[in-house]
Amino acid sequence: MNANEFKEIVHNGLWKQNPGLVQLLGLCPLLAISNSLVNAVSLGLATTLVMTLSSASIAPVRSYVPNEIRIPVFVLIIAVLVTVVQYLMNAYMYGLYVVLGIFIPLIVTNCIVLARAESFASKNPPLASALDGFMMGLGLTAVLAVLGGVRELIGKGTLLSGIDLALGDGAKDWVIHVIPDYHGFLLAILPPGAFIGLGLLIAGKNWLNLRAEAKARSNPAPLSNEAVQG
Amino acid sequence: MLSSPFITTPTSVNQIMLRVLLALIPGIALYVWYFGPAILVSITLASITALATEAVMLKLRDRPIKPFLSDHSALLTAWLLALSIPPLAPWWLVVVGTAFAIVVAKHLYGGLGSNAFNPAMIGYAVLIISFPAHMTHWLTPHALGGIELDFAQQLSYIFHGTLPAGLTLDAVTMATPLDTLKTQLHLGLSVSEIRDMPIYGRLAGHGSEMVALGFAIGGLYLLFTRIISWHLPLVYLGTLFAVAGIFHVFDPTHYVTPLFHWFSGAAMIGAFFILTDPVTSPTTAKGKIIFAAGAALLTYLIRVFGGFPDGMAFATILMNICVPLIDLYTQPKVFGKKDGLL
Amino acid sequence: MITALWVMIALAALLGLVLGFSAVRFKIEGNPLVEKIDAVLPQTQCGQCGYPGCKPYAEAIAKGEADINLCPPGGDDGIHKLADLLGVEYKPFGGDAKPKAKAVAFIDEQTCIGCTLCIQACPVDAIVGAAKQMHTVIASECTGCELCLPPCPVDCISMPAIEERLTDWKWKHPVITLRKIA
Amino acid sequence: MRRIVRSTLQTAANLVFFAIIGTAILAATYGMTHEVIERTVEAEKLKLISQIVPPASYDNDILKDERHIEADALLGTTTQTVAHVARRKGEPVAVVLESIAPDGYAGKIALILAIRANGELAGVRVVSHKETPGLGDYIEIAKNPWITSFDGKSRNIWGDKEWQVKKDGGQFEHMAGATITPRAIVKAVNRSLLYFAAHRDELFAENIAATHAGGKP
Amino acid sequence: MRTLHHFHGGIHPTSHKSLSTHQSIARAPLPKSLVIPLRQHAGEAAKPCVNVGDHVLKGQRIGTPSATLSSSIHAPTSGTIASIALHQIAHPSALPDLCITLIPDGKDTWIKREAVDFLALSANEMQQHLRDFGIVGLGGATFPSDLKLRHPIKVDTLILNGAECEPYITCDDMLMRERASEIVRGIVILRHALEAGEVLIGIEDNKPEAIAAMHEAVSAAQLDYAVVAVPTIYPGGSAKHLIKVLTGLEVPSGKLPTDIGVQCFNVATALSIKRALDDGEPLISRIVTITGNVEHPRNYEALIGTAFSDLIDLSVAKRDTNRYIMGGPMMGVVLPAVNVPLVKSSNCVIAASDTLFPPAPPALPCIRCTRCAQVCPAELQPQDLYWFAKSNNFGKAQEYSLADCIECGVCAYVCPSHIPLVQYYRYAKSEIRERSAEKLAADKARERHEYRQFRIEREKQEKAEKLAQREAASKAAAVVAPSTPSVDDTQQIRINEAIERAKAQAAEAHPKNTDALTPEQQAEIASIEARRAKIRELATDAGADDEPHKTS
């Protein structure tokens, strides 16, 4: 893996092929768990861990798996890894484990994990695959973090609420009350808020892309008489 | 290049919208008569917010501001939304609801003509979901003779959230007739016991029944000037009457009369002003009938069995989702063809 | 613990048997997708996509080897159709591929020496003529692929764009100025 | 034909191989973590109980001192529940009961409450509910301290009339526009106190605890 | 009183017809030159059958039909052919078309006119006669009338369309008022030709004079034709809708009226048929309404080919006139220039100003109010069609029966958002037409390409077989005479092969298109060949090496 490939994988994961905003994979947890920053980031990191490990373990065995059982084997590997992560969380981060609940085992069915296994890890060497899994996971985590942060901020006026569940009671004071005496805009933390928020994030990304493209072109195109149809 | 026809009728979108606004006035007048002028504050607030956000969105979307701003559609959204919010709601509630309706429900969906959902109802739904507590502070009609706030006190509450010393919110507000009905039924009272309570009048809630009547009068004006087609209001009210009637006949101690359903909540304004929004209702005659019947059924179900006191807004939104499908399956027959599309 | 292991092994063995058997037994031959893609392509057979004709390009797309934005005669519209058919994102023309105005080949009879090279190059037999005889393009059959241009030793073939005539004049999309004129 | 059999068997063997490895990894992880998990789960339950019964006020192993309670209309329960007893130097301090308010605005509200030996409430907490967010959910301690208004209350001085929300003429506060939820909870707590009064001795009896505690696998 | 039926939708625009009915039809003076387009009918343009410089007589044929769907063109007066060239015509595209320019000699000398006894004509002869006399439908579609008489058809009801539903236009109205008996005579011919049962003459009830005149003419001729006053509603003059109103029958989509036993002719067409048979006069003039923003709105009988500007000058356009519309305000087209010639389909020219037809305010988005659907006489969903046309979703537009749209314009007339709906439909229709043509071309190209591949493959195979045979033969020869040096032998065989191959190729490259050539083409080829030979000579003179390489 040379520097260019490295850059490409990182860029793909975090921006160009971002699983949350571009591939639109793994929406179920993305929408369900992003009602607070801590929940969102925790699930994002758990997914990242699983993706890194699964890509890293699928890549070395890829040539020994015959085509007809490719997917069962990948699912098996992913399921094992998820279960391991679940045990670990249950043991050492019980509060978070309760909050994330069903969504931890659901990482198995998160299409993004299998999608990376299929489209990248099954065709690339272990190191690149691990990096790809990690970066895709980080990309998802980033989207989750932004979505969770925004929803929590608008919905409750706080940030990092529930941080004690992840880091223990010592972190209780870390909760930031950004807007004191806030009425709470419940829509944001209820399920519709997730859809609206994701829609806005995707729109925002597209807008940034378009702007970058326009800048890249930036040749003085004739602007006059420009008309939109309809 | 100019294309035929070269002559057109003088009717334009802004005239249609203006007539609809006019038709709301009898209802609003009765509202003021029975509940005081606080509602005018909400309407003004909502109108200013709607025009301002509309202008900003048009600017952002690179659309000419003047022709779109003068089509009165934003004003109509604002009025309908203001009329579905309690008059004593804090000012920011009105602003947030209207802004959401215009920015998200209207412009993010492509602006006038492209919005899939009735913006006013989306605004209402957002408010009732997000601020359910504030959405329950309805005014008590004058006739009941309870403690009343004067206009200055109302303004002070709307803009500062302060009540005169010694008064609690509970003392000056009440739940809607529909909400009260639901709560009392929950407590095991029978319909006739509940209807004897002072907040109820001849048909439904004291005062609010007259407001509904005002909207019906405005609606009939729209119907007779052919601004709206008969399908939507008539089928809606008819279905609501039929469903409520069946339940009422079946068990009059638990289910109120169909007339009560007609004249409470948003049934009247909904039938004539909300369902009839052409953008978000079906285009075919058959489709309109299905749409209105579905909305009536859902309204009743949500009112009687659901978690919210009134179901008009959610029924409208749910039926809005079905509009493309309804339209697809109700394509009328074309001249010279035996069948429609399907 | 041991039970879990046995359950897993039994399950894996059973699934493996089923999958292995079906993989051999239900192999699918041929590819109807190629036909569908080929139907969308403009059939100029021009090879501008880098494949020797429309069908090979269709096959390459079906296999996922070729991008959908390589067919200049198909135009932007063609890319949209392919994107719809394959359920992928629309992609604008990449690199040097650009849509071109429709044209037909025209042989300047004054210069043509009757070498038949263009006849052999024409993928749709739209040029007729014999050695040392006048060659003519059957305009109605010509797809405008330009494959006859390079072999001509005397450069007597030109590709005039098809001009709009009364018979094929089209009404234009009404343009309504909604955006302020910059 | 033989080719099919061979390739089928090969595939199966391959999958079995991966299954064995996967199962082995899982077994190892389970072995490593299951004790920690058990301990954590107990600690969590204890944490909830300690919110309403201060740990300093008792010295027994409260989780072990449990008894099974049959479904009862006063508790609003329809299945068997578990109660825990806190003791100090053998003397009963408080009992932790599960109770259900069946008539919330949107269905049942599950409660856990601790009653001191003298019949006073040590505390009440809502375990689960489906009340309207923003309207009826002020019963959660995380959102509003309302639920602590039960602390120290009992039926010793207040009768059924006082055990109502203020709107109905009782002593308990509620929020404007949302009376159904607090009404349901006040009613449920009141009934639970009646249950306690009727079953006080059984609840605090030591021998029952011993038999029942031993019955659990 | 017969029961009338009604069709869905329709509108009641102000008719403005009285403007141009105060004065009788005037004969327009002979212009200085006439420009006669060769495409004045639906279908293929006529082929010119005169040469520049020829002197022609009034009524002489100057263009012959070039296909089944085509018609004849005649000289409107006597004079000299000045040119046969592209000239701007009355078409919204502003594109030119092939026209014959005729300079009148002022004598207006007719060719020999002969009355024909239509009763003596066979069906085929009747059709041929109409075709030769350039009779086409004058209602607007200009469909060659002979094709409407084609057998086998069974017509129970013959309908004469005098509805003239568009505002402003009064040419049929005036024609019926002034020439009713001639029209009735034409109907007699048509009824005979079609062997039709009942005859219904539909006239909108806002033309009482025309109805009265037709009544009178019918009873004077002692015929049982029914002159029916139909309700005035636009577009009641559309043939399919008039049929619906009069008979209650709907012409099935994509079918012809004859499929339900009805045939429909415009009243003006009936008159021109009468003239073709009774008077031996081809279609060389028509009535045209000049109205709108002019001082003297009036109907003129004008020769085909007369410039509109000449007619407008007769009526004197008001000063603020800024454009001219050919046809009515609902379906007409803006003239690209005022000097374009009158054709067989020109029924009306409206001088327009911004006060008469105020420009539409900017179009706003469609709010799906369905006022368009309520008035659409084709019972379509214009708001959906608009959406599909706008988003280039032509497949959907076809699914929603865009093809059944008659472009009558009522949708755009009522649209409160002022969307140019008809233009969207026209755009979509042209695109669909082009696309289906492209699809056909692509299919043809694929077929040709595949055949070519197949042919090349087959030739390769045949050659391989031949080679194999030959090798086998040479092997056999080698067995017989093993002493022959094999290497040279096979090489020789290969060389022979190559020569043969080249020969075969040369033979195969023999032009396939030189078999069925017209004499002109052969002459052309001959001249080109001669030129080419000369060039080759020059080339060989210049340098022998420059000889073009042959294919191998």
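A, B, C, D and E label the chains in the order they appear, each numbered from 1.
Note that a contact is a pair of C-beta atoms (placed from the backbone, for glycine too) under 8 Å apart; a residue touches a chain by one contact, two chains touch by 3 or more.
Keep in mind it's a predicted model, so treat the numbers as computed, not measured.
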Original post:
Which pair, C-D or B-D, has more C-beta contacts?
Top reply: C-D
**OP:** Just grab the chain with the largest centre-to-centre distance to subunit D, centres being mean Cα coordinates.
**Re:** E
**OP:** Provide the C-alpha centroid distance between subunit A and subunit C, rounded to the nearest whole angstrom.
**Re:** 38
**OP:** Determine the centre-to-centre distance between subunit B and subunit C, using the mean Cα coordinates as centres, and give it in whole Å.
**Re:** 54
**OP:** Could you tell me the distance, in whole angstrom, between the mean C-alpha positions of subunit A and subunit B?
**Re:** 40
**OP:** Give the residues of subunit A that touch two or more other chains, as numbers and ranges in rising order.
**Re:** 68-69, 72, 76, 184, 186, 190, 228-230
Original post:
In subunit B, what residues contact two or more other chains?
Top reply: 1, 3, 62, 64, 129-132
**OP:** Return the residues of subunit E touching two or more other chains; collapse runs of consecutive numbers into ranges.
**Re:** 92, 362, 365, 390, 420, 423, 426
**OP:** Report the residues of subunit A in contact with subunit C in the complex, numbered from low to high.
**Re:** 67-69, 72, 76, 223-230
Subject >> subunit C-facing residues of subunit D, complex >> reply: 3-4, 7-16, 18-20, 22-24, 26-27, 30
**OP:** Would you pull the subunit C residues touching subunit E in the complex into a rising list?
**Re:** 38, 41-45, 53-54, 109-110, 112-117, 119-120, 123-126, 128-134, 136, 138, 141, 143, 153-154, 164-166, 168-174, 176-178
**OP:** Note which residues of subunit A are touching subunit D in the complex, please.
**Re:** 61, 64-66, 68-69, 72-73, 76-77, 79-80, 83-84, 87-88, 90-92, 94-95, 98, 184, 186, 190
Original post:
Residues of subunit A touching subunit B in their complex?
Top reply: 183-188, 190, 192, 196, 199, 203, 228
